[in-house]
Amino acid sequence: MAVDPDLQETMRRAGVHVTSFEQLIDWGRSNSLWPLQFGLACCAIEMIAATMARYDMARFGAEVFRPSPRQADLMIVAGTVTKKMAPQVVRLYNQMAEPKYVIAMGACAISGGPFKEGYNVLKGIDRFVPVDIVIPGCPPRPEALLDGLMALQTKIRQEKLLGPNRARHASASIPGDVPVPIFGPHDLEPSANRAIWNPPTIPRKPDVA
Amino acid sequence: MSAAPKWIPPGIGLLQGLAVTGKNFIGSFFRADRMTTVQYPEERVTLSPNSRNIPFLVFDGGDPDTGLRCVACGICEKECPPQCIYIVLDRDENGKSLKRPKVFDIDASVCMNCGICAEVCPFDSIFMDQEYELSSADRFKGLLFDKATLAKSATYHAKIRPLEAAAVAERKRAEEAKRAAAQAAKEAKAKADAAKKAEAPPTISNARPAGGSASPPDLSPTRSGQESDPPKSTQPTAPEEAP
Amino acid sequence: MSAPVDSLSQPRFVAGDNGDRLLQVSLGPQHPSTHGVFRMNVDLDGETVVRLKPVFGYLHRNHEKIAESATYLGSIPYTDRLDYICSLTNNWAYALAVEKLAGIEVPERAEYLRIITAELTRLINHTAFAGFILGDMGAWGSALMYAFREREKILDLFEDLTGARMMCNYMRFGGCRCDTPEGWVDRAKKVVAEYPAFLDELEQLLLGNEILLARTRDVGALPAATLLDGGITGPLLRAAGCAYDVRKVDGYGLYSRFKFRVPLGGHGDCYDRIMIRFLEMRESLAILREALDTLPAGPVINPKVKVRAFKPPVGEAYARIEGPKGELGFYLVSDGSPRPYRYRVRPPSFINLTLLEDMCLGRDLADVVVILGSIDIVLGEVDR
Amino acid sequence: MSPASAPTFLETLPLLPQRLIGDALRSLGIPEAFAAAAETAVAAIIVFSLFAGMFALLSLIERKVLARVQNRPGPNRVGPCGILQPVADGIKMLTKEDVVPVSADRLLHFLAPVLIVIPSILALGVLPYGREWVPVPATLGLLFFFAVGAMTELSIFLAGWASGSKFPLLGAMRAIAQMVSYELPLILSATAVVMLSGTLSLPEIVEKQGGWTLGFLPAWNLFTPWGLVAGSIFFIAGIAEANRCPFDLPEGESEIVAGHMTEYSGFKYALFFMGEYLGLFALSSLGITLFLGGWQAPLPGLGFVPSYVWFFLKLAVVIFLFLWIRATFPRVRMDQLMRFAWMFLIPVALLNLPSAAVWHYAGGGLMGWLACGPFLVLPYLALTIHFNRKLAQSTRTYRFAE
Amino acid sequence: MNPEPAVILEQIRAAVPAARPVLLRNPGPAGQDSILLDTASAQDVFRFLKTAPGLEFDLLSNLTGTDWPEPATAHSVGVPPEIPPPPAQGFLEVVCHLYSTLRREGPLVVRMRTADRAEGAHLPTLTPVYRSAEFQEREVFDLFGVVFEGHPDLRRILMWDEFHDFPMRRDYVAPDDYEYEPTPHEAVWERAKEHYAVPDGTSETGAPAPPQSLGLADEAACEAACSPLREERDRLSPNPPASDREVTP
């Protein structure tokens, strides 16, 4: 029973701000995203530069970088996730309190980036952790990170807390925890979390377009 | 530094530190160099013309499909360090190359913005774009840029990189001039042969048909791009002789 | 299956050598002041460190394996990502090694541009170091913000010259990729002219502060001989009094043309390491002023060198430069093919951590954080 | 002392709801005990809602002041120049999942944040905000304040110990050591004030600071030699009690992740946040009451301004001092913290008591300053000698090799 | 500035006769010739190089490994003078670059080679002589598999402890996770081939065909294909609903 937009618009012009309870919660959550203090590689330096004086992520309410995963609600995976680091990243994701969001910042976090041929590099964190927003670039400019943060904020504002396609954290069926991979003799076991990672197949053959 | 160790009253260092932060606090209200924030969505940092992010393909004229400069030679595909370019050459029905890419995909989620593809391209057909707002919710569809999204007009290139576009245009003009001159020289020579043949006795029947079948325009790249680039040998990753 | 409650969560007690119980804490890969994904397994008796074992590898991105299957030109953008704060000095070290491997000369203007960009990178690194070490000590924010405010000015210069803020990919074998855009040299002169005023302000905020004096004096001090034996180079070694600067020793590039001094410390503790870096910044400014004034005209790259399909002759070479963190070396073995047979990076951050345990034994947990900060490591270079 | 004329309407404005409700209940024939209880309840609600609002405001102001120091505007997109930022933080904190670690002791884990907020609110009750406005007029206000204030140490230790993992454990150990050793100088510096004002009741202490010396200087305790020493000791110990930088070791962010608060998420963490700020308000209010003349006006001619305005102005100045220090100083190490408290603050605080006595018998004024002079100079000289001797080569010389 | 390995070779031969040092000429323009040592007495030679009055090589700047499966390429890079024909099988090599900070002398390149690339990959450790070798030797052990006898703490340094292979060797094959490769060509295409369905629906190696290929263009097809996946994911998720979590490490 959300408020229908044109009524809301006319009321707003008359100075009365009408909103639904759901929109209020989403507005509150989107404007107070506290990132986890968790930088991996070069993108972490650009993330720090985004919080510095020139780009100032604090304007979006995302200034408080909490070192403990308990108090953070946004995990910005900034940098290369190696296979040795993957279990720690997944454990950190599990320890974050719901509702939690993940931004994959930079080519390495999305798909392994320039280092995807490496034997110790995980080809993208979305093999183990559900990712909300991806920001390409190597490293993406601080403005690109702010653009990704604003994209996440608009996504949170449209989240539904009830109904069929409700938000991930609101539906009891989707588990908040993600199984933590274990170190195997040659690779992580399992090498990807099939419940989360299901890529489309692209028709690729040298002479078949 | 005076010989005897100068006695420093304690607390002075703390006050000096407070003075610095105080000066910055007061200054942030009045002086521009103490309030350096560029409020991103409203104000933007003016990018330098050299700035580079994800590459784009240039096309002359209006229609991206026909005007694309790229001839699918695959040099950028081989030279790209993270190997994030995928080119399939367009062939007509009987397999003759149309010197045009049928598929030209760049995986933006792997590209490392290094600019080597633009540096090694002999045809000035790929340059580095300055567009950085590419964040998306979906990794698979959102970040695999195909030929349509990559193609941008030469005027766009001139807008973001005036000097480089001017240099490319000037080079192209020089090429055109050289080709035209070569063309003119060829016609002149053909005319001269025809004239000489006319005076010479008509006994020798010249097998070559009359001038006019000028040699097809030489499309080989004028800028000396080395062709003899060995394919990336598969030796390091999957060698045959296992110990 | 969410992992069972493993022993990681319980406070784990380890038997100390004299029988008492030590609390084993892992200043884990995710920790506010380990400058990235670096982990230290620390055994604490109360708050004093009894045993400290560093754990590496969380950012091992297999740079050397990828370089073996890439061309020489293709590895240059990867060197930007080694020590991702100082990309241009990495480029220069790699280009120097390949030039020594293939015997390539570099024109004069390119040498000047290399010195200018390397010294600007040294400024960035030492300024960011000052910001981070004050953050490790607890004043999170102010010093780091002022440091990054100046760093942004230099990053604008790099973006103008090379096209990227952090990943410049600027050096090529035999020179630099492109010449300076018009007006760049004047902008660089202006930034260099304004820098000393900022350094004075940062010193006033930082170096007189009694709390900082108390936190850094006589913390993590080791004699120069021990440091040398541990392979430690760079500002750490000079803070202990050993005059060893690769710019003076090897005299690579055209450093011999510039008058600059090498500051030496007396005690080798954290305070000296901070002071040495501040004095080095002033020396870099002197070099920059001189180099920018006498920048000669001329070609920026040696025309005889092929950009693609570059095949150096068979042989091997080891070349090194004085990176902001220490001696950064590249060891290349070429078997005549366009791909290096062996590609090894001599990482100053990784080797400077050899004596981390010796510096931290018997000190507090808070000191471990400051000592690690004073060594100034970057994980891209430590784990390669 | 302004003549005891009838207090102006503005003066009694904060007491209006309390009195209206009291009279209404009495007119309804409710027995006096219940009516009085209702009055104090209303007073308590007013004070708590006032300080809760100021807590929300301060969480925004702290971020904006820190931002201004760091050349950036701070949160300014949520509502006009960031006003609604605390509202957004509050909503997010309320809707956050409350994670209780498996290895934690559930009851204590829940109890700790509650125990940190209660004492701060209780302590706020006894402070005299205005000439008329004393929520709970207690004759032993100061004693009550310190008795209740001691509970915050317990709750921080409880939080650290009950969380069950390593970093909170370290945070808890640090908290106990720091808070106990800084409670002493806090109380000793307050005893100097009690000695001279002869009473434990806070409103009377403020009244005694009325009047002017030399015509325009207010007779606050700070402008006396012993008051200067006691005030600065109280301020430094107050920073340590409120766990503010440079003494924020229990929550040593760069060393032990988030200290005792590592295992708290959602609203429990917000309670810790609130507890810390309310503790800050309480300590700085007490400091103002003891040394800066509570609601006394700074200049003679300002009688028309209601008294509580001065109180909150001084509170704003003291809080700004806290923020300014937080933006500048690094953190002290644990042993330095302890050595500073036991070797310097406590001896100087003890030395300050005879200095107060000398001031009293020297009759104050110029003679008092001369008599108390040595008590002032002696500790500073000792600190200078110690500071320069221990860090002997404080000015180090550096060689340069060619 | 660059030391003459030939001169130093004679001094080593005089001081430590058992070492049998050999001068390997560097054909490249760098001109950094190297000394090949016999592994048995390596520590004594390094101790001599460090302490001898005229040498004082006190900084072991760089210690790294190289994998030579074919000895021929090794001998093309470091040309031995007139050594008997190269040994039959390949070997692992450790290269050290020594510097003298007092005499400001350039890199002295010293090499040590293992017997073979399998069981015989043993070398004496240099940690007692140069402390800087500790971490670098652990890295060579981790990535190349050279066991350094006498090393105080020989563990893997970069890879996780349960890892078995030695990844920097030339014959190491990385595990196969080429399922989603949007831009495969040449070597990557060889490895990604089995994941891509040939037009008739089954993949070449008979592995179960992944969900039918989703044309990127049509949105509806993608949605229709994804919904069964979502139900399967809900059914598949093994772990219980979010109860209590572990604790921060």
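Here are some notes:
Just so it is clear, A, B, C, D and E label the chains in written order, and each chain counts residues from 1 on its own.
One rule holds in what follows: a contact is a pair of C-beta atoms (placed from the backbone, for glycine too) under 8 Å apart; a residue touches a chain by one contact, two chains touch by 3 or more.
These figures come from a predicted structure and were not determined experimentally.
Shared contacts of subunit D and subunit E, meaning chains that touch the two of them, come down to A, B, C. Centrality annotation: C (chain centre taken as mean Cα position, compared with the mean over all protein Cα atoms).
A centroid comparison over C-alpha atoms places D as the chain most distant from subunit E.
When chain centres are defined as mean Cα coordinates, D lies farthest from subunit B.
Note on chain placement: the centre of subunit A and the centre of subunit D lie 40 Å apart, centres being C-alpha means.
Distance between chain centres (mean CA atoms), subunit C to subunit D: 44 Å. The geometric centre of subunit B is 62 Å away from that of subunit D, both derived from CA atoms.
Between subunit A and subunit B, the centres computed from C-alpha atoms are 32 Å apart.
Among all residues of subunit B, those that touch two or more other chains are 8, 10, 14, 17, 20-21, 24, 36-37, 39, 81, 83, 86, 107, 110, 112-113, 140, 144, 232, 236-237.
Each of the following residues of subunit A touches two or more other chains: 52-54, 56, 59, 67-70, 84, 88, 91, 94-95, 98, 114, 117-120, 138, 141, 176-177, 179, 199-200, 202, 204, 206. Counting only residues that touch two or more partner chains, subunit C has 1-3, 5, 9, 28, 31-32, 57, 60, 62, 65, 69, 77-78, 142, 145-146, 149, 152, 167, 205, 209-213, 383. Of all residues in subunit D, only 66, 69-72, 101-103, 164-167, 169-170, 173-174, 245-246, 248, 252-257, 327-336, 387, 391, 394, 396-402 touch subunit C in the complex they form. Taken in their complex, subunit C has these residues touching subunit D: 5, 9-12, 23, 25, 31-33, 44, 46-47, 134-142, 145-146, 149, 205, 209-215, 217, 241, 243, 245, 248, 261-267, 271-272, 275-276, 279, 364-367, 369.
Chain contact summary for the complex, subunit B toward subunit D: residues 1, 5-10, 14, 17-18, 20-22, 24-25, 27-29, 34-37, 39. By the touch rule above, subunit C contacts subunit A in their complex via residues 1-3, 28-32, 36-37, 57-63, 65-66, 69, 77-78, 81, 84-85, 144-145, 148-149, 151-152, 165-167, 379-380, 383.
Those residues of subunit C that touch subunit B in the shared complex are 68-71, 73-78, 142, 146, 149, 152, 156, 159-164, 167, 169, 177-178, 181, 201, 204-213, 306-309, 337-339.
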